[in-house]
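Okay, structure first, notes after.
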Amino acid sequence: MHNSAILLVSCPDAKGIVASIADFIFKNNGNILTNDEHGDEASRLFLTRIEFDISNFTFPLADFASHFSSVARNFQMDWRLALSSERPRLAIFVSKYDHCLQDLLYRHQSGELRCDIPLIVSNHPDNQRIADFYRIPFFFFPVTKDNKAESERRQLALLREHKCSVAVLARYMQILSPEFIAALGSQNVINIHHSFLPAFIGSKPYHQAFQRGVKIIGATAHYVTQILDDGPIIEQDVVRIYHRDSVDDLIQKGRDLEKIVLSRAVRWHVENRILLYGTKTVVFQ
Amino acid sequence: MHNSAILLVSCPDAKGIVASIADFIFKNNGNILTNDEHGDEASRLFLTRIEFDISNFTFPLADFASHFSSVARNFQMDWRLALSSERPRLAIFVSKYDHCLQDLLYRHQSGELRCDIPLIVSNHPDNQRIADFYRIPFFFFPVTKDNKAESERRQLALLREHKCSVAVLARYMQILSPEFIAALGSQNVINIHHSFLPAFIGSKPYHQAFQRGVKIIGATAHYVTQILDDGPIIEQDVVRIYHRDSVDDLIQKGRDLEKIVLSRAVRWHVENRILLYGTKTVVFQ
Amino acid sequence: MHNSAILLVSCPDAKGIVASIADFIFKNNGNILTNDEHGDEASRLFLTRIEFDISNFTFPLADFASHFSSVARNFQMDWRLALSSERPRLAIFVSKYDHCLQDLLYRHQSGELRCDIPLIVSNHPDNQRIADFYRIPFFFFPVTKDNKAESERRQLALLREHKCSVAVLARYMQILSPEFIAALGSQNVINIHHSFLPAFIGSKPYHQAFQRGVKIIGATAHYVTQILDDGPIIEQDVVRIYHRDSVDDLIQKGRDLEKIVLSRAVRWHVENRILLYGTKTVVFQ
Amino acid sequence: MHNSAILLVSCPDAKGIVASIADFIFKNNGNILTNDEHGDEASRLFLTRIEFDISNFTFPLADFASHFSSVARNFQMDWRLALSSERPRLAIFVSKYDHCLQDLLYRHQSGELRCDIPLIVSNHPDNQRIADFYRIPFFFFPVTKDNKAESERRQLALLREHKCSVAVLARYMQILSPEFIAALGSQNVINIHHSFLPAFIGSKPYHQAFQRGVKIIGATAHYVTQILDDGPIIEQDVVRIYHRDSVDDLIQKGRDLEKIVLSRAVRWHVENRILLYGTKTVVFQ
């Protein structure tokens, strides 16, 4: 593990961007560890993620903005700095299905996910036992039509109190209100949808897939926007099915897909590997 | 290569079907080589494909119907017999893109596809040279709005003349009329669509996929029905794409997918491995 | 879930095998649910797995052998009958790594693995907590060179006491003695090896793979024989790696592979889907 | 298509490498299009591939070495510059199997492979017709034990005459002599081996795989060194096989693998995406 910083930049494409950033880091005694970029031809945007060792950096990272501002201004950069020592704080939202929850907590505990998970929110009491095993506080909100708005307000307060900026919907079977999503901000709510989007939007996608007779099923992790199943896609994967597979088999095979796709998306998010541009994501690996 | 017959049966599920068929074959001195079945719980249908060696069969296969009729009647079977020595006759329809055509002809020539391809139909003259290389007659129909109906009539006449019962649309960029499809009959027109159906129905699916920001693209081979891109799916496959991939890269990666998916579908068709039930297919492998 | 029996047969290939078995089942009022077979051309063996509904079977399944013996004798069958209501009893052997253990217990609890797991054996105390969570007795054997033979004897006694016929080595970092393997019998010890066998036999396969510069790594589940990493392969799968992946990344990616490959092998074993012939397996799915 | 140059650099890791190169390109009015690097922790090497637009470059690229020398010296760089307008010249070596040859020529013609293929060398006359179709000179060398050394000398002369620096062995069933390989130099002979190396080294790998009962087969493209099947791996891929697959089926499935794996390797080679370090490759994509 390096003592490093990650600089994420998005700006109009121009000559000299790489040179200016690399030069800035070099002059301040940073050492570039990895350097990924993408020039999007359609939008003429330049996107980059640079991780650099800061062991001998010449000024405290807290002052980065003031030192970097002239470079940033020159190229009209939209930028963000993250430290590898900072651990993002995530709240997991879950209903009854426990496979994604279990998988996230297992990976978290084994060190694969470099984040803190200070709390689990659920509209069912069922997964308390798993939360206890992993020693993570579990908050049960029996959401109904009548108390939904109130529940969401209390959930947001809880997230604020625990300094969680990100909500991971690990098969959370409630549609979040636009207000809730707006309060967390774009790119801060990650969902797993159990189909290969944009196929089979909405409810019961495995039933839809079975009905249509597809030969492959999929799962999609995406950032949540106010339009259902329409947010920027982070990751997708698929698995082959056979004529002997019933809907229940699809659901079971899908469990393995869902958990692996969601875990990858969460990992890339906490490692600051994902940049949004328009309605799409770049994932730098 | 065995001297064999393939019996395809679809009937309401009941006890004794396997025993009756196996007994019939055994008593007439056939030897079962492979035996696949599928019981579809939703429709309560029993589907089976039995290949048996007929080297020492006790009666000529031409008389199969009369001998088998009592078994078939007992179980209300919808059945069909094919001989491995009979080679289905396929017409390939193609426009300018040559990758699927090239792949089918290469596999045909190298013995992977046990069928005859007596002719190629095209609405562009471009692929004449490939047809010549593989020594297959090439018929050019410069289809326009005005002569489309007339062209289709002449194409059907050509297929009849060459005893082709099956049309393979190997990236044929014309929508066939309902009359044309009806004339060939269901399960006799195979198309390759360059998306993971039901995502990205219609035209320019790679552009649609690029726009949506999916992480995986696909291709789908299906039987053509009168509703666009809606027929029973035979085979699908997918390939991962990356943010550096432009639409042109998607098209290029897609070429490899399309040809492999279409070739599999054609192969399974000519080997009598595909049974339709409702709007779905079973592929016995 | 059907009330069914599974008949596994291996015999020299001959005409009439399918007919005889199907007829026997039909006459005794069983209903064939699935029927898979494989004729191995090299060994001229016929292998089959037939699952049939026994709700209205005419005689108690306990008497199957006596009724079936004439059919079996006719074709020199090596056969075995299992009831879907019988749950095989498995002991899991584990060391410090917990990913395979965790995955097996999770799938067991969620109903994917239709078996009983009456005990876990380990040469380290670390995984007691997971065993407790899933409420499965955990037996700690601090194996050393000196007490290895004695430990194995006590482990075997424990298995006998708990009526476990099968040992699943879920990353158990001890080489079992020939006596131990012989005591359980062939096809009763399942191991997961963390490479794509036969590549990288022996210890530290991820280090070997990293050193060789392969582009894909794999995992292999196999039955254990007395030759290291040489037993009949049940299942394999692979994952792509990249130049940025360190040995630690390989180990981490490999964890996901190992657990999925081992879980599939265990599932197929407990569902009586695996037939051995020579040094190879058929898996009927 | 950009008018671009590709700079490939390998040097001991140090601070300021990226900044120095980026600054050099920027000051000479180049525009960085893509920039990939890899820091290999074991060897402490820094490897990079930078593609930059040279439309407005301030000096002729022929003078690059003299201008870049001070940067290169500073960091002890091992470097190479390629122009996207330069097309590498490849000779294809083939025996009787035509699938890899066919695939390479098809991709070459359709613009996927940006190289020239001035000649095909074969120890069998069979593939003359394919060469003619693609209008590429075909040279037949009936290699025997006695004339092998002489044949290789004449082949090398032919390559020199046609300014081919690279030989692609597209299922060429002759083992090249150390002298031949040395004459072309490392990283200039690409071979396709029909197994997932290091499994099944040597002859008849599909037979070996069938015998061992693996569940997946593979193919490996690698640079040829003087040790059989031991050179740096460029690309590998795999496909699942089933118990019904005979050795012939493996060979047929393998054909699709071999051609796709070899084509990828050739493409990456001609696009200057492959860097060697020790016995391994980095492929920048």
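First chain written, first letter: the chains are A, B, C and D, and each begins at residue 1.
By definition in this document, contacts are C-beta pairs under 8 Å (C-beta built on N, C-alpha and C of every residue); 3 or more make two chains touch, one makes a residue touch a chain.
As the structure is a computational prediction, the values presented were derived from the model and not from experiment.
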Shortest walk length in steps over touching chains, chain B through to chain C: 1
Proportion of interface numbers common to chain A and chain D (over half same, under half different): same
Reference interface B-D: repeating pair among A-C, A-D or B-C with over half of contacts shared: A-C
Centroid spacing, where centroids are CA-atom means, of chain A and chain D in whole angstrom: 38
Euclidean distance of C-alpha centroids - chain C vs chain D, Å: 42
Shared-contact residues (touching 2 or more other chains) in chain D: 34, 244
Residue numbers on chain C that touch chain B, as the complex places them: 15-20, 22-23, 25-27, 29-37, 39
Touching residues (chain side chain B, partner chain A) in the complex: 38, 40-41, 196-200, 212-216, 218, 232-233, 235-238, 243-244, 246, 279-283
Complex interface listing, chain D residues touching chain B: 34, 99, 102, 106, 110, 112, 133, 242, 244, 252, 256, 260, 285
